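To keep things clear, I will list the structure first and then write my remarks on it.
Chain lettering (A, B, C, D and E) follows the sequence in which the chains are written, and residue indices restart at 1 in each chain.
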Amino acid sequence: MIDRAFDLLLIGGMLGLAVQVVASRALFRSVVLFIALGLLMAVVWARLAAPDLALAEAAIGAGLTGALLLAAYRALQPAGEAGDAEPAALPRRWALVAAVLSGALVAAIGWAVLGLEPPAASAGREALARLGESGVKSPITAVLLSFRAVDTLAEVVVLFAAFLGARVVAEPLGRAGPGPRPDPAGGEPVLMPLLLRVTVPMGVLVAGYLLWSGGHQPGGAFQAGAVLAALGVLLRLTGRLQPVAETSPAERLALVGGIVLFSAIGLAGAGMASAVLAYPEGWAYTLILLIETGLTLAIALPLTLLFSGSAGLRWRGR
Amino acid sequence: MSVPEPLLLLPILAPLVAAALLGGRARRLGAGLLAVAPLTGLLALAPGAQALELPWLLLGTRLAPDTLARALLALTAPVAAAACLAAAGGYAGPRRSGLLAALAATVAALMGLLLAADLATLYFAYSAMTLAAYPLVVHARTPEAFRAGRIYLTMALLAEAAVLAAVLLIAAEAGNVALAEAPAAVAGHDRRGLLVGLILVGFAVKAGVVPLHAWLALAHPVAPVPASALLSALLVKAALVGWWRLLPLGEAALPGLGAALVVAGLLSSLYAGLVGVTQRRPKTVLAYSTVSQMGLMTVLTGLALLQPAAAPAAGAALAVFAVHHGLAKGALFLGCGLHGRRRGWYLLPPALALAGAPGTSGVLAKAGLKEVSASVAEAALGPLLFILSALTTLLLARFLALAWRGDGGLDPLPQRLAVLALVALGLVLPWGVGLRLAPAAVAYALQPGVLADALLPVIAGAAVAAGAFALRGRVGMPRVPEGDWIKPALLAGVRLGRAARRGWRAARRASGLSAPRSGSLRRSPGPPPGA
Amino acid sequence: MTQAGLYTLAASALAGIGVYGLIVRRHLLRRILALNLLGNAVFLLLVALARRHPGYVDPVPHAMVLTGIVVAVSATALALVLARRYYAETGLRHLPEDEG
Amino acid sequence: MMAAAYGLLPLAALLTAVATAAIVFALGDARRRQRTFWNLFGAGTKLALVLLMAHGVLQGHTLEVAWPALPGATLRLVADPLALLFAVLSSLLWLITTVYAIAYLEGSGQRARFFGFFSLCVAATFGVALAGNPFTFFCFYELLTLATYPLVVHRGHSAALAAGRTYLGYTLGGGAALLAGTAALYVAVGEQPFTPGGMPAVAEWADRAPVAATAVLALLLGGVAVKAALFPLQGWLPAAMVAPAPVSALLHAVAVVKAGAFGVVRIIEDTYGYALAAELHVTPVLSALAAVTIVYGSVRALAQAELKRRLAFSTVSQVSFITLGVAAGSQLALIGGLAHLVHQGLMKITLFFCAGNYAETLGEHRIDALNGAGRRMPVTSAAFTVAALGMMGAPPLAGFISKWYLGIGALAQGQGWVIGVLVASTLLNAAYFLPILRRLWLLPATRDWPARAGRAEAHRGLLDPVLLTATAVLLAGLLAATPLSPLGWAARIVEQGYPGL
Amino acid sequence: MAAGGALSLPLAFLLPLLTALVVFLLGARRAPWLPGIGALATVAAVADAVRHVAAHGPQAYHLGGWMPPLGVELYADGLAALMLAMTAAVGLAVTAYAGPYLHDGHHHQEAERFWPLWLVQWAALNGTFLAADLFNLYIMLELVTLTAVPLVAITGDRASLGAAMRYLLLALLASLAYLLGVALLYGGTGTLHLRQVGELVGAGGPAAVAAALITAGLLLKGAIFPLHTWLVPAHSNAPAPASAVLSALVVQAGVYLVLRLWLWTFPALLSPAVGWLLGGLGAASVLYGSLQALRQSRLKPVIAYSTVAQLGYPLLLLPLAAVPAAAAQAWQGAAYYIVAHGLAKAGAFLAAGNIRYSLGHDRLAGLRGIAPELSVSVLALGLAFVSLMGLPPTAGFLAKWQLLSGALGGGQWPWAAVIVLGGLLAAGYGLRVLAMALAAAPSDEPVRRPPQRLPRRMVAVPLLLALAVYLLGVSAVPALRLLEQGAPEALG
């Protein structure tokens, strides 16, 4: 009974927040509520026994997306202009049509979902059954990096492509990303250096742990990458990392290295193991771990650069 | 001695070669050759010349002169030669070589027509002749000449269309048939009535049967003398060739059409005679005399059509009549060309011949005609022929009255020679042909009774002429325009057209179809220059 | 009504809200938000479906959602950068045809 | 081995034309002499190859090359006597027109483009001639439309573009009809080669579905009727007169109009067979349409003030003789039609060359400005006279021969009224050609024209082609009965191919 | 555990990807030859894959050695092989063309970013055509979109940014709709493998909703009427090589997937009603696209609208697939249409790119009296348009003929009418453009800026593409024999 109430509470919260995000007049309010919704989603994932997703959602879904949204909000809403420069709302009848359309969509999906009875055999069941052959114990990591390794490879390439795309349409350095930092020499909040000295190493440690634990319990490249990206955002905001227009060779290697490594190992699989993206006997775990480390960088750096809106970053610690 | 077959082509090629030379630098040689070229036609008269077969030419050409062709060749050669001689020697007008070339072309076509022995070549020669004659008619380049030319061409082409239809109808049944079998094919044709009708109408225009004679009356005054000589003496004979090659004469009896033809012949002879008398210009009078004489020859053809049995006799009579008329008319026309004071003396003998005075070829021709008409229509035509002879005499008297006095210019020798030659031949050649083709007619014509009969109409005619001559001061001659019905008809046509156009425009304006067009014909939006 | 069934209905509701937001609100940022809502709805549906089997939790949808989240964030990042550059160039916060 | 070599000739000839086009395109406008060489070389080689093929066919070799374009359709080139009749005509006239065009376009721009498309046109015409089945015929038929369009709009000014639009409107419309018809035919009876006397499969299909067979036949004929300028689809022909003279010559005499007429022959004789077409009551309609076109074309020609438009309408009327010959149905009529295909080509190309000469040398386009041209340009005017008389059907020339056979053939089939049409057309032709001849020769010149440069009246390149084709008209008429004349060749085609008629 | 298929299948995806990464790593300036090498390697891989399919029939490569439904399978049957070959041809041409196009004056720093984006897109396209797994397909589509949008916006002016923004938003919506459908399908069948879903999905309600969602997503990506609004601004403002790829490959991938899914995954659902709906949308695209193309005043929008029109034809296969008499020919016609359109459209856009690059604008009115230097590009444009019009002797014609024969064979008059009418309209707008190119310069216009000299390779590439279309026009038998490999039995 308590579970049911908790679920209803979560669902109510989620839908309420969603309606607010869409309906609220002030844009800033929508953005903030969206971030809150992200966090609530993380709880929902945990509720639905998907711990990996909860971690990723919290770090990437709520954290990073929220940061990007706020930076974009500030860029699209220069301080000078009052209020929301909202384009006029859609005329009544179009709104009605949209409502009917989305209602129909909801009904259709709802009806379809209710009609779905779980299939007898599913890919998931087989994955769980043959978990042993995959070389890792965590089912999600097994699916991600062993059974359906190509999807993960493609997904990181997507991130890389997004970064390339951002570079194509990037704004000049001065206005890109979170915008110009107020003069760092002046009064920086006194606790800032102390805070950084504590959180940064802690963050790296957490990321390392998540990466390591990916093999046998929730965690892995995505979650580790997300945490590192969060650290990057923090350092970018506090001015420790200065945006630069050129991607340094090291950064290029970090961006691309993970994917090249993954592909190389995949291709080698055709020789040593039975097929591309297959791991030779016994080597699966170590290779997966190696790939995951590469991927962590390949996820953290692009996300940071996407946030910072620059081609590269240069450490300018004090 | 048998003439090698290819020489049969000579009469056709010689004039063409002459024409070619005329075009080039050797004008004098060309003119000389042209005068001689028609005489090559006589080669065909040689007994041996049978037939020439050229399977590769056109649709398989065959040339073979038969009896009628031989007679007409005998006529054509000298007359054409004389005309060419007169033109080469005597013609002083502008564009002489143009005239000579046209003459040459017409003579070549005529020779081709006479020698043709298959349907396609016949039609080819006939249409070529029609086209070649046009430059002759319009040679003077005066508006009157162009109008005459236009009328000539329109009527000739309409006629030719009928001939083409007839030819195709025959060819559909029998292919490019030899002319010998053509009459049989026509006789046996399932659309015989239409076919014969087409043939009759097709050649009637060229034969000058009234009312289709109008072009003749207009063409002669405008054409230069040698040209009109050719037109009158020879071209009109082409119609006879056409009729006698294609019509089922001697094959099938066509009473209806035969009778119609006879009547038409008589009518045109009568009508032409009457209208001819009223004319002012000598050459127009001669033109009407030709129409009248051709009327008689049409009668002969009609008679042959009426009674197939009489066909051979009619044919012989026709040949004699044609030769007689050709020579006389050629002499008369070339005579008109003379300027000498005593031109009348040159004109008198052929005139008398035409009138049918005893001792001349006219008697022979008339006798032949009378004999055939007697055998077919049991003397019904006797009195009519009498009147016609008288009328002819009256007509010729009128002509002599108009043309007796030349205007005193000097006549070049070749022209006088040509006329003299024709006059001399006129006395001799018809009798020769008569002996050759119809000895009975010759014997008949030499009987004293017949000679007397022949004299009567001449005297009657002369009497009427003398009376008219006496009264010329007081009684005005009725004025009939040249080409009688055609000119008023054309004027009426033009007026009708203009009225129709005004009516059409008014109707359109009333119905508001389109804004009234600007006065001048709007220049059609042709492509900008440099297209 | 199993827990999974409940969440699938929630997912379809969320999808409806997302689509409605995408069509009605024409500010670029709001449209990107709406797209993310729709994304979350799809992920919720997947995870809820994974939860329907009594004995076990199907890892494949989870892997799909994890990949989906990263794809979503890269797409959103690109959309935001493009929107900012578009705003910098044109001064508009909505697509040209949404003028009215 | 010889047979194999013969087999490849059709392809070699086709590729010669296409190669010439490619080379000429590549050479560009600058290199004039090279282009002239390649043009003449290409035209000459093609003519030689075509004559060799004619020799081969005479020897009884089967000249055929085929390759599958689609599972259900093969592109097939077959050199049968009928095809060679058209191929020899188009190759010969291409060589002559090329010589003429080189002289005519002296100094004007875009010549590489002109000659390139010119060669493509002839390649397409060759393909149309040798097409072995309806699919190949359609392919080359449409290629012909595309290749001629740039020539029609060659001058590039707005009038040319408007004419181009009209041209395309008609021809592509026709093309669409032909496409639908051919596709439907293929669907109904599958891939069938052209068989003289009609395809058995089509006959059997027509028994099963007469209505569908008639509809498809109507579509096919509709498609080719556009290019054969049958009434009411002839509007494009006069409009295309805005093109330069060599193009008009090409359109009217060598390629386009002939392709249409040839198409009618292929459809009526080699696809459905005359008996079936008659049974489906299509041939009476076709002959009626042809008759109407003949008269309509001549009447409109009468009213034209410009020489080339008058010639265009005259073509509209003359081409329908071929259609009439086919529709009349008897062997003789078909011989007449096929012979006219060549004769009309020779005569019309002479007339257009003369029109081109007048336009190029004297700058005259209107008929009433040609007074006294005979004196100033005797050679051109003489050629014009020969061709005009030929068109009128004056006996010694080619026109008379075709009309003779058409007349006899129609009558053999009991259609007497055809004689009426022939006679009417002769009169109308006379009505619109003789006044021109009168102006040329008999009237004094009224306009002052540039004096003669040197002895010849115009550039040799403009005169020799005219003389050549005029002589050809004369010889085609005079030597009609010989086996090598167009008439002889047509007779051989009909006797060998269509005994059943 | 064995892979089972030809190694060249995964290589076709990985080679261009690795090249892109290495190019990014080294920087395009330092290794301008690298994209070329990568392109050739990819073409070699594709050639090898096509050879395998032709010789041994459909190739199924199980990545990671895992059999479906667990692992992801790369599947190449005849249709996929044809698409790969087309992509290879267009890709090679675009790579050759983009070299000189980017390395002149003002495109310089775009070169840095163009190469990696383009090569990743090529990899994604190969992945899309090879994918036999629904979720893998989702990621490949996403990758295509995220590389296509920046290519549209690469010039950076107002119009292209707006177009890119609209394109991105709609494409993301499409992807999410597709993913929603995939989620439902996985929920219902428990497998993501294309053909296994086909066997298990049945024709129930949920399957219908899933199919509807997936099709809606793919139609939006394939810019089929009425979801085509984003295509024209995007393709006409993108730089030449980008618009060539977008029109020839990216949009066609959408339509290809609609065919692939409806013939392999939802054959049970393909009722005549659905066939008529999708066929109707295709026909509407054909007619609407052609009519709009007739009204454009600039060259590239004409070509873009022609894309909208040409994409409609393959959809006509769906209503015809249900008619046994029409199915086989329609299937060949539709597949060959995609190939013919791809090559011809790429040639047309590259030629248009030449004209715009040289004249500085692509106003149709400005084409009058076009300079002789551009005659080769105009010739290429003309040749390409002839194929788009479906006139012989091009591949476009053979495709139109097969499709038309199929329609007529099945007695489907409306579709036959659409095909013929579409051809006519295409001739309308095609020849309207060519008329301008053939027209003489209006005498009153002042002599315009002499056109900028075109690098030789940029002139040669569109001509070669156009000639390839003519080569395929000579005979379609080899391509269609390849197509038979693994064709669904109803259409085999």
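Definition applied: contacts are C-beta pairs under 8 Å (C-beta built on N, C-alpha and C of every residue); 3 or more make two chains touch, one makes a residue touch a chain.
From a predicted model like this one, the values you see are computed outputs, not experimental measurements.
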Chains touching both chain A and chain C:
E
Could you tell me which chain lies farthest from chain E when each chain's centre is the average position of its Cα atoms?
B
Please list the single chain whose C-alpha centre lies closest to the global protein C-alpha centre.
D
Mind checking the centre-to-centre distance between chain A and chain E? Centres are C-alpha means, answer in whole Å.
32
Give, as an integer number of Å, the spacing between the C-alpha centres of chain E and chain B.
84
Starting from the mean Cα coordinates of chain B and chain C, work out the distance between those two points in Å.
107
If you average the CA atoms of chain C and of chain D, how many Å lie between those two points?
67
Can you pull out the residues of chain A that are in contact with at least two other chains?
109, 113, 116, 118, 122-125, 127, 148, 151, 155, 158, 161-162, 165, 169
What are the residue numbers in chain E that touch two or more other chains?
135, 139, 142, 146, 149-150, 153, 156, 161, 164, 180, 184, 186-187, 192
Set of chain C residues in contact with two or more other chains
15, 28, 32, 45, 49, 52, 60-61, 64, 67, 71, 74-75, 78, 82-83, 85
All chain pairs that touch each other:
A-C, A-E, B-D, C-E, D-E
Looking at the complex, which residues from chain C come into contact with chain E?
15, 22, 28, 31-32, 35, 38-39, 41-42, 45-46, 49, 52, 60-61, 64, 67-68, 71, 74-75, 78-79, 82-83, 85-86, 89-90, 95-97
Write out the stretch or stretches of chain E touching chain C in their complex.
135, 139, 142, 146, 149-150, 153, 156-158, 161-162, 164-166, 168-169, 172-173, 175-176, 179-180, 183-184, 186-187, 192
In their shared complex, at which residues does chain A touch chain C?
3-4, 7-8, 11, 14-15, 18-19, 21-22, 27, 30-31, 34, 37, 41, 44-45, 48-50, 52-53, 56-57, 60-61, 64-65, 68-69, 71-73, 75-76, 84-91, 94-95, 98-99, 101-103, 105-106, 109-110, 113-114, 116, 118, 122-125, 127-128, 139-140, 142-144, 148, 151-152, 155-156, 158-159, 161-163, 165-166, 169-171, 175-176, 222, 299, 302-303, 306-307, 309
In their shared complex, chain B is touched by residues of chain D numbered 155, 157, 159-160, 241-244, 305-306, 308, 359, 363, 365-366, 389, 393-396, 400-401, 404, 407-408, 411-412, 416, 419-420, 422-423, 426-427, 430, 434, 441-442, 477-482
Contacts from chain D onto chain E in the complex sit at residues 25, 28-29, 67-73, 75, 110, 112-113, 135, 138-140, 142-143, 145-146, 149-150, 153-157, 161, 164-165, 168, 172-173, 175-176, 179-180, 183-184, 186-187
